[in-house]
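Should a chain be cited, it is by its letter among A, B and C, assigned in written order, with residues numbered from 1 in that chain.
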Amino acid sequence: MNQPAKLATATAQPVGADQGSLVIHRLRKEYRAGHPVLREVTIDFPSAGVIAIIGPSGTGKSTLIRCINGLVRPTAGEILFRGQDLAKLTGGALRQARRRIGMVFQEYNLVERLTVMENILCGRLGYVPVWRAWLRKFPQRDIDRAFDLLDSVGLPGFAAQRADALSGGQRQRVGIARAIMQEPDILLADEPTSSLDPKTSVEIMEILQRVAQDSGIPVIVNIHNVELARRFASRIIGMTGGEVVYNGPPDGLTDADLKKIYGGENWME
Amino acid sequence: MTVADTLNRDWQRFTPLRRLSRFAFYLATLAALVTSLRTIDVIPEFLYDAPDQMVDLFVRMWPPDPAYIAPTVKGLIETLHIATLGTIIAIVLALPIGLLAARNVTPNPLLNLLAKFIFVTSRSINSLVWALLFVAVFGPGPLAGTLAIAFRSIGFTGKLFAEALEESNKGSIEALTACGASKASTFLFGYWPQVRPSFWSIALFRWDINIRESAVLGIVGAGGVGVALDTALNLLYWDQVAVVLIAIFLVVILAEIIVTALRSRIL
Amino acid sequence: MMSRDSRIAFAPNWPTRIGWLALAVYVVYAGSQLGFSADRFSTGLEHGHRFLARMFPPNFSRWELIASGIAESIQIAIIATFFGILLSLPVGLLAARNLMPAWVSWPTRAFIALCRSFHPIIVAILFVKAIGFGALAGVMALIVASIGFISKLFAEAIEEISLKQVEAVRATGAGFLSTLIMGVQPQVLPRFIGFATYQLDSNLRNSTMVGIVGGGGIGASLFTAYQRFDFDVVLAILIIIVSLIMIAEIVSGWARRVFQ
């Protein structure tokens, strides 16, 4: 494949460190009272690059990601982004904030019976009025962009295919395209590679890395494959038991840190 | 574990509670049946006489009267209109109420209950009774019949429709919510593509049933071929009755064929 | 990169569009055929007001009559369901194409279709004319309706069973009846309970109505009150009927859970 098109969002202007960065302050989530899944988590996310969150299952990584765009409501704490506390938003304000936050899911979460083109244009549903969505009369600019994005993620000519006819890797590419259609200020990915084979996982991570580079937005990825995290992330956050125990560059991650995160030496041998 | 232990283990198909419940049901069913048989007011002579009477009836119906075909066909066309329009009105009304009843679409338990109550009421009142009510309000004629069919069908289609909604894939909906889509857009792009085949299947199913129901509404004056049937019955013109019955039979078979053909295309 | 003209996002779906248009045209046409008009509606709504007013409050004063009518309806439903199911078993078996030769199954299927085509009310009218007024006509009508429904579903269930399981039981040396019990029945029983409770429900609903045409049960009292314009009595009877049906639905739900 020759020079891939840029995965830039339209608002690809360099933003100041404080404007583009997400700050989570003392975030706490209890699904049952007295059993916190997230304990007073405080993280200063960098304003660009791929940020990988690693840690064992059940440690709250998924909860953390879902608190950012409000799919899970935190019990306490603040999520500060672009001058707003996302944790306090509801209703119309929450919807408006959500359309600036893209999300990629482990199970792709496409609408199976719709075509690839319709799935990608779902990213614009937060921006267009209902009647346009119903009659499929999206602005031409959006449609052109959708075709360009399809080319960028490596699926030229797939526009009219139904989503359930695609392989896992192809579906995830559509999922990424959908998220970028939103022209987000930040991209979240909840275990985007966990349902994919190793080769496809690498391809998907490469796409996510390109998104971070071309558009200058931070890409926060939940991942349990430490090798992938080390290879593609510019920052790694290690969590265990609902708390952050490592927050630094990939090459600073030592075996001792990994043992703290995952516990026990057996899995490393 | 010793051999003796394995010999002592008893294979039982159901837990004690299940066994008790099943036994209770068998007992209750038997008791209900026996009580009914003993207390029902049936004159034995009528029972013994029945086969002869029925044969007599069929003899009088043959041959069917061809002169009655024209009014029968006219009535049948009216019946088809009643059934079709009634079904259409019903699904138009059942759709929004079904959205209220589905717990994943509307997380408000009060609204869920209200919608479910509307459905149960609609289903529990026979279409014939609905016809009686609407005849009292709008006067005799097909308008009453259409509304009767519509109001009876709302509960049936709405309940099935709500169940289809509740079975839809939650992941896709989550993704659309995360995109910042409004409730309406989430419905159009998330729920509707998934439930559309079920929706049409349910609508066709109900239309099929409604054709049968519409045919009898004329007996209480609500239009359709039932009026022709009622007239012939009251005058005891059994050969005309036969014409109507044959016509109804043919139409019902035809409708089933159409529905089966359409259903295989939709799914 | 493809040229812009070949990148069509949404091809117009002409068959679907034409379908919707045809439907809209039909609705308007049928509406006019049936004599729908705006002022019929408005006069109707006026009547509706007065009608509803006359229904409230519901009049339960004739409760003994109502109680005996309801009891008769319940009896009709139970007896019809029991005998209907009993007769449906052999009929459904005869209609199963995988167990029976064609010269047996096709006529049986035709018979079942005949039973199903007519609304129970029509069948009730015929029985009333043939064997006289009363509960017997109602019971026979509902037995016919039950056969039409249950035997068809029963036959379909038999046709869908895994013949491998039946073969396996046969291979142990079991006779026809034993094969039936251990091979066929376990696959078919859970669905059968579902059919049976559905039919009991349906028969209960219909047994409240067959009285209108002389088939016994509460329907006769309902119709009489209606013709006398005693709409408050009508409402009282309706409330009882609806409650009965709701209770039946709940009981059916329990039965299905217990036997699953």
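As a convention for this text, a residue touches a chain if its C-beta (ideal position, glycine included) is under 8 Å from a C-beta of that chain, and two chains touch if they have at least 3 such contacts.
The structure presented is a predicted model; accordingly, all values stated were derived computationally and were not measured.
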Each chain counted as touching subunit B and subunit C at once: A
Geometric centre: closest chain by C-alpha means: B
With chain centres defined as C-alpha means, what is the inter-centre distance between subunit B and subunit C in Å? 6
From the C-alpha centre of subunit A to that of subunit B, how far is it in Å? 48
Counting only Cα atoms for the centres, state how far subunit A is from subunit C in Å. 52
What are the residue numbers in subunit A that touch two or more other chains? 118
Using the touch definition up top, name the residues of subunit C that touch subunit B in the complex. 23, 26-27, 30-31, 33-36, 40, 44, 47-48, 51, 71-72, 74-76, 78-79, 82, 113-114, 116-119, 121-122, 125-127, 129-132, 134-136, 139-140, 205-206, 208-209, 212-213, 216, 222-223, 226, 231, 234, 238, 241-242, 245-246, 249, 255, 258-259
Inside the complex, what are the residues of subunit B that reach subunit C? 18, 21-22, 25, 29, 32-33, 35-37, 39-43, 46-47, 49-50, 53-54, 56-57, 78, 81-82, 84-85, 88, 120-121, 123-126, 128-129, 132-133, 136-139, 141-143, 146, 212-213, 215-216, 219-220, 223, 229, 233, 245, 248-249, 252-253
Looking at the complex, which residues from subunit A come into contact with subunit C? 117-118, 121, 136, 138, 143-144, 146-147, 151, 156-157, 159-160
Once bound in the complex, which stretches of subunit B touch subunit A? 169, 171-172, 174-182, 184-186, 188-190, 193-194, 196
Residues of subunit A defined as touching subunit B within the complex: 69, 71, 95-103, 105, 107-114, 118, 122-123, 125-126, 130, 133-134, 175, 178, 182
